[in-house]
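Going by the order they are written in, the chains are A, B, C, D, E and F; count residues from 1 in each one.
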């Protein structure tokens, strides 16, 4: 029996035989780590091996933006950006899984819920608000972006490494939102009550 | 004198000394390859080393979506998707560099210009039109995505590997559009008349 | 000491002395009932007595739409509509309190979270989907409403009493969303984890 | 023969026998009053008894916002808000009946027509303009509401009772606009030339 | 004393001395004709001579689209299109003057008011509805225009001369709406009650 | 054989016999002039004679806005406005032909391409930027136009003749964009590489 026998998106399930062994081992590693940490698995892990090399590309890409050793912004700030972007795009799956992560990081589930509903209702520092406003504007009105965006982030106290990372992060969630909503990935039920 | 002494975006130039040697060699390899192929260098190569690890992440991510050995859609179809997304988001830099690439692939600069202006004016096969319509809708109206998107792509003749790749590709350009427009990258003048 | 000494919105706190005794008694009754049922009080009860007669008008209005003896749709269906409208308008307070109510009614917190993020991701019967689609369209595109709206609800199996009630309900949440977001009401922390 | 034999909306006509006598008497009272004042009847009076208890709820709700004894803003200012909201939502029925009312109050039909077309073209005091701008912004961009809204109204000279009432009023017309446009109520021909 | 001494827009008044005599005579002819027909003058006649040659260009252009000898659609149908476009763009001045004209043509002021509020509420033949839908869509969503537009107009019974004229007419009002709203032309009070 | 035997739009080709001789001569004159200047003919010349008198109206109207003897702004500035408007409306044909003209005027094809993609990425003087911002705002948000538009143009250094001409020009391209996109005019292949 295949590892990938559950229908967790609109797409056909991955065919285990088509997946290069080297990649399969990496995927299995992630699954084991998730199980250990959370007791359940983010369902994308069972959907995305359909296009194994691209799935690996996604994992590495995500790592490059969330690897704390080479990053400039905190993971919590980037997860906050992720919720603002995903809320603006109404990406249910992304809001589900990333609100879980941010609840884990902040131990403040009410504040995280506010971010998923409308960040303007959440208590934010000036720096956080600048990040959220930036994330909203560039997600909703991409054609109206001007030099003002960098100016405002600098004025809020961010250096240029951080500005670039914020921009990459807004981009990252605009990327995930499109394909996750398209394939209709079904979130693991475990997320909804986790870290509350 | 530094390799990165030109001001080609709103951000400060990269500090060569902060870049790990291993990464610098990879970046240099890309630059040499570009010079050889085009006679000039895409300016992002001089801007993005500011956040070297993330820049490497971007390069690998892009490779995973455009590596012809592991991909399902043609590069030309993905570049076409890229122009539709970038036109919807009015990303000048992305339209400049990717129209150059697609002119090179198709030898049809007029058709490529039409895609940058409004894909509805370009002559398209039914399959191409399905990809373009999909790219437009999910870029502009991400909150209105339903199961219809996958259905329409399948009806147009795409298999599920291709559907997932199309979704990743729409996502990829929604990612690049945000940060490229934010940092105000200046395109190399060489692009505009290249491959015409 | 006043009953209304907490700053729970952008507006000044109500002055207990300006509130007609008859109305104060009614408000107190609601508060007691809430305390008994939930153990905490919806903060609007401490904000809206600022305009006592209008607050009474709101309470009666709400009652007329949710009184099960004279209504045609189920309360759960109307709360579902409320989440769709409030999500479309990104009203944080309304999403907080009404998701709590719907969790209580359905005992399905994951499904309720999906409705707050994007109803298109939630498992819905055809009738529920027709209500949600109707709520979304008329909230977002009010100027494009045509006779098609009634036709679609009838086709989904609703009679005209139900259609009118659905229309009133969509209207009701478009009403609350505007003033709640304007006054910046702060939701009681108790809501976020309640009924989970 | 029934009182409700005219087809004045997309919905079926009310069945007089289903209406509790107590409510029918209230409705009859309103009709008589209208006939006396205007010589004709607002057609909603013949449509909404379909859901008698909810119709009563609407009448009481409206009364709470327009009862001059307990309200803070003038009726004319609230009717002005109503036209801005209804014009933003393109609600034909609401524009028809409320422009009639405001013509009656102001004896200035040209100014009222301007409000129905675009309030920016009408001569307004600074306080009126603040109300109109507020009504427009919160109607069209509900997700972008911030604390700025209350600040701007206060700066224009409104106290917090008035701010809350303005917010309720914007909400009220966002409520009526949705259901009136949905049911396709046909305005009484008498309104168009009345009070000119 | 100058003919142009009234401040009827945001712009400076025309300087009579700068206007070529030949053009001034033409403008005077239009004013006389208006006075004769309506008893008052459309205020643009006192504003636009600021750029005399361009004003002449506007008059001739308008004539080419409304000259009954060379046109294919009725003037009433084109004025109806004009109200739909101007309502979509909320151009107060255009709605004021063109509703006056259409009231004169149709002797049906209520129907004309409905067109200014929301054409979907007005009684329309299938052909009229096709014209109005076309005018709305291409005004609001110009980037989404496809071959469907011509197909739908043909299906509704229009020949290609009429389709082209409808397209020119939608364009014409999208032209006038921009500059009229920009310069803030003040409509002659006489229009509001005229032809009622 | 007819002059008009090519299918260059969605509409039927003009019938040469229906065109008044006087107009045909004018049209022929334009074609000859184009051939002489460019070596090819803008295809609208073969499409628009379908409605000959209206086509003549368009030619005269255009002349009134671009005749250098009676105009106040430079032709290049107006072509720049034209690209901003046409890009905002995604009018492929207009972007094709007017970018060709502006390339001819400026000898700067890269800068012109930037205008077609997103004027915010192009190097602009403060006065040019004011024109472009004005063109964008009034094209995209016509209902939000206020007196601020004239103020901003004056502050940038434009006199009232120029402001009115800028407003007419924005209007002109909002006119052409609608009907050109509707009829699906096919641009002459010669444009794409011309003036590069």
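Everything that follows uses one rule, which is that a residue touches a chain if its C-beta (ideal position, glycine included) is under 8 Å from a C-beta of that chain, and two chains touch if they have at least 3 such contacts.
Here the structure is a predicted model, which is why all the values come from computation and not from measurement.
Q: Among all the other chains, which ones are in touch with both chain B and chain E?
A: Per touch definition, common to chain B and chain E: C, F.
Q: What is the minimum number of touch steps required to go from chain B to chain F?
A: Steps on the shortest route: 1.
Q: Examine where the copies chain A and chain C touch and state whether the two sides share over half of their residue numbers (same) or under half (different).
A: Since more than half of the residue numbers are used by both chains, the interface counts as same.
Q: Could you figure out which pair among B-E, A-C or A-D mirrors the B-F interface, over half of its contact pairs being identical by residue number?
A: Comparing residue numbers across B-E, A-C or A-D, the repeat of B-F turns out to be A-C.
Q: Please report how far chain D has to rotate so that its Cα atoms sit on those of chain F, a copy of the same sequence, as a value between 0 and 180° in steps of 5.
A: Rounded to 5 degrees, the superposing rotation is 120 degrees.
Q: Which of the two pairs, D-E or B-C, is linked by more C-beta contacts?
A: D-E
Q: Look at all chain centres (mean of CA atoms) and spot the one farthest from the centre of chain B.
A: D
Q: From the C-alpha centre of chain C to that of chain F, how far is it in Å?
A: 51
Q: Can you compute the centre-to-centre distance for chain A and chain F, using the mean CA position of each chain? Integer Å is fine.
A: 44
Q: Could you pull out the residues of chain B that touch at least 2 other chains?
A: Chain B, residues with two or more chain partners: 90-91, 118, 120, 143, 145, 181, 184.
Q: Examine which chains touch each other and state the graph shape they make (line, ring, star, complete, other).
A: other
Q: Looking at the whole structure, which two-chain pairs count as touching?
A: Pairs satisfying the touch definition: A-B, A-C, A-D, A-F, B-C, B-E, B-F, C-D, C-E, D-E, D-F, E-F.
Q: Using the touch definition from the top, list the residues of chain A that touch chain B in their complex.
A: Listed in rising order, the residues of chain A that touch chain B are 10-12, 48, 50-54, 56-58, 60-61, 63-65, 67, 70-72, 89-91, 138-139, 142-143, 145, 147, 149-150, 160-161, 163-165, 167-168, 170-172, 174-179, 181-184.
Q: Using the touch definition up top, name the residues of chain A that touch chain D in the complex.
A: Listed in rising order, the residues are 118, 120.
Q: List the residues on chain A that touch chain F in their complex, please.
A: Residues of chain A touching chain F: 143-146.
Q: Give the list of chain E residues in touch with chain D in this complex.
A: 87, 90-93, 95-96, 109-110, 113-114, 116-118, 120-122, 181, 184, 187, 189, 191-193, 196
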